[in-house]
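Paired with subunit B in one complex and with subunit C in the other, subunit A is shared by the two complexes that follow.
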Partner chain A sequence: MISIVTELIALAAFTSAAVFGTAGIIGLYRFPDPYARMQASSLCGTTAVFSVFLGSLALAPSWAVATRLVVLMAFFLVSGPTGGHIVARFAWNSGIDPWRPVSPVIRPARRRFGGGKVERAKDSPLPPESGID
Partner chain B sequence: MRQILLDGMQWFLVACAVGAVIRILAGPSAADRLVALNVLSGIVLAFLAIRGVMEGQAIYLDVALVYDIFGFLGLLAIARFLKEKAMGAGEDE
Partner chain C sequence: MRAARAWRVIRFGITSIALYAVWLLFTASLDAFSLITGAVGSVAIGALTHDVFIAEHEASYRSFMPNPFLLVAFLVFLIYSMYLSSIQMLVALVRGHASPRVVHFRTRLKSDLARMVLSNAITFTPGTITLDLDDDHLTVHWFLATTRHSRAAGEIVKGRFEGYLRRVWS
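Showing the complex of A and B:
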């Protein structure tokens, strides 16, 4: 009786992991720039992996495995979003423009590492020291 | 039932890892590759947890914890290294 309940919990968690993991991998291919891809991959990396941990916790055969899974979940909750933040800061600092649907005239400023020097496009109508960023 | 669930999840994670590796190889910029590397780190972590539960061996989960720590530090080190490389290229110009 107990095993049926735990298997149903694991089935629900694994189904959620499959749905979110598929969505994350599809988003990793279909989105246009690294920021949007990082949104999709954070979905995959946090929700899907955490669902796998929850399902594994329901199916854990012994207390030794279960306690290690809990420690792993606690550490993953810290390290996953922090890693995403590091990647996002790297992408922003390396001067990658965020994708925008239609940008015929206004181009975003590019920023580089070190110093707050801002380069505008030559045909940009914005004044040099103000604007989007 | 239990074995079917764990086996299915294991092969699903293998498929996701293949997708992330293709993105690492094909990514046009370094930021794309770092994003895919972050995903791959999480997928391998989940794979190790699944293997540990399937075999009933707690040693897989110890390996998974250490892998998570070193994957995080490795991501930090790669981002720092690429940043210094980009700054050096900017100073040369």
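Showing the complex of A and C:
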């Protein structure tokens, strides 16, 4: 019974890994500039590999293996974003201009991370280019 | 000079013990050969790299030793926000909607390690990548920007991470 539950958990984790990995690769081709490509591929890639680790953790045969997996996850949490940061930093230092879509779309849901302090009119597009950046 | 030397010895000790703990965890054997090899390797690598592992100016216990329970809580929150932002990235990918923008802001964190973890967490989560971390000044590429006000951008991007990290590494 328990084995079925752990296998279902592992299945869900591996499925999400496949979905996020595919999304990362699509993002790599879909966006026009290095920063946006790094966003998609590093974030979705990290999540995909992390999901694989979670699935393997559910299937781990012993506590010794599980402990090592947890240590691997900790190392990966450090190394995954650092890799993306290094590529993005190289692009930034070599003066590549970030891509600006013609009509950027505001997503009010992002206020979730601001704790509700910053308010902004819903669906108002960003002001046009003013050169103040 | 004596204080500097004592601090160097302490850093060397902490680095070697941390390396040896990881060695024991990964080998998971209690053979004499394995134990001795690990000890020699830990001491040698600790002697070479303690300056990198704990910088000389981090002369406060709380600036490199995390509060373990809060660290675990922070990691759980980090993983939760990682999945959340991956799903948001997935939606943005499918719909092709984005408003990428480079924002600058500062952090209140004092410890180098905490700043590093903050920039790492920012690279994970709300569709952002840390481009540069210079002392307390962060340059961030924000994929789903909602504002161009730099302080407001800092509050949104840092989110709750900064508050948590201030308690993990005070």
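For the reader, a short list of remarks on this structure follows.
Here is the rule we use: the second predicted complex is superposed on the first by the 101 of 133 C-alpha atoms of A that agree within 3 Å, B and C clash if a C-alpha of one lies under 4 Å from a C-alpha of the other, contacts with A are read in each partner's own complex, and residues count from 1 in each chain.
The definition used in the following text is that a contact is a pair of C-beta atoms (placed from the backbone, for glycine too) under 8 Å apart; a residue touches a chain by one contact, two chains touch by 3 or more.
Model, not experiment: these values are computed from the prediction.
With both structures placed on the common chain, the touch criterion links A:W99 to subunit C but leaves subunit B unconnected.
Once the two complexes are laid over each other on the shared chain, residue contacts for A:G84 go to subunit B and to subunit C alike.
In the superposition on chain A, A:M38 makes contact with both subunit B and subunit C. When the two complexes are overlaid on their common chain A, residue A:A64 makes contact with subunit B and with subunit C alike.
Of the two partner chains, subunit C is the only one touched by A:R30; subunit B is not. In the superposition on chain A, the residues of subunit A contacting both subunit B and subunit C are 38, 44, 46, 64, 68, 71, 82, 84, 89, 93, 113-114. Within the complex, the subunit C residues that touch subunit A are 22, 25-26, 28, 75, 78-79, 81-83, 85-86, 88-90, 92-93, 96-102, 119-120, 123-132, 139, 141, 143-149, 152, 155-157, 159-160. Note for the complex: subunit A touches subunit C at residues 19-20, 23, 26-27, 30-31, 33, 35-36, 38-40, 42-44, 46-47, 50, 64, 67-68, 71, 74, 77-78, 81-82, 84-85, 88-89, 92-93, 98-101, 104-111, 113-115, 117-118, 120, 126-127, 132-133.
Within the complex formed with subunit A, the subunit B residues making contact are 1-2, 5-6, 8-9, 12-13, 16, 19-20, 23, 29-32, 34-36, 38-39, 41-43, 45-46, 49-50, 52-53, 56-58, 61-62, 64-65, 68-69, 71-72, 75-76, 79, 82-83, 86-87, 90.
Taken in their complex, subunit A has these residues touching subunit B: 3, 7, 10-11, 14, 17-18, 21, 24-25, 28-29, 34, 37-38, 41, 44-46, 48-49, 52-53, 55-56, 59-62, 64-65, 68-69, 71-72, 75-76, 79-80, 82-84, 86-87, 89-91, 93-94, 96, 112-114.
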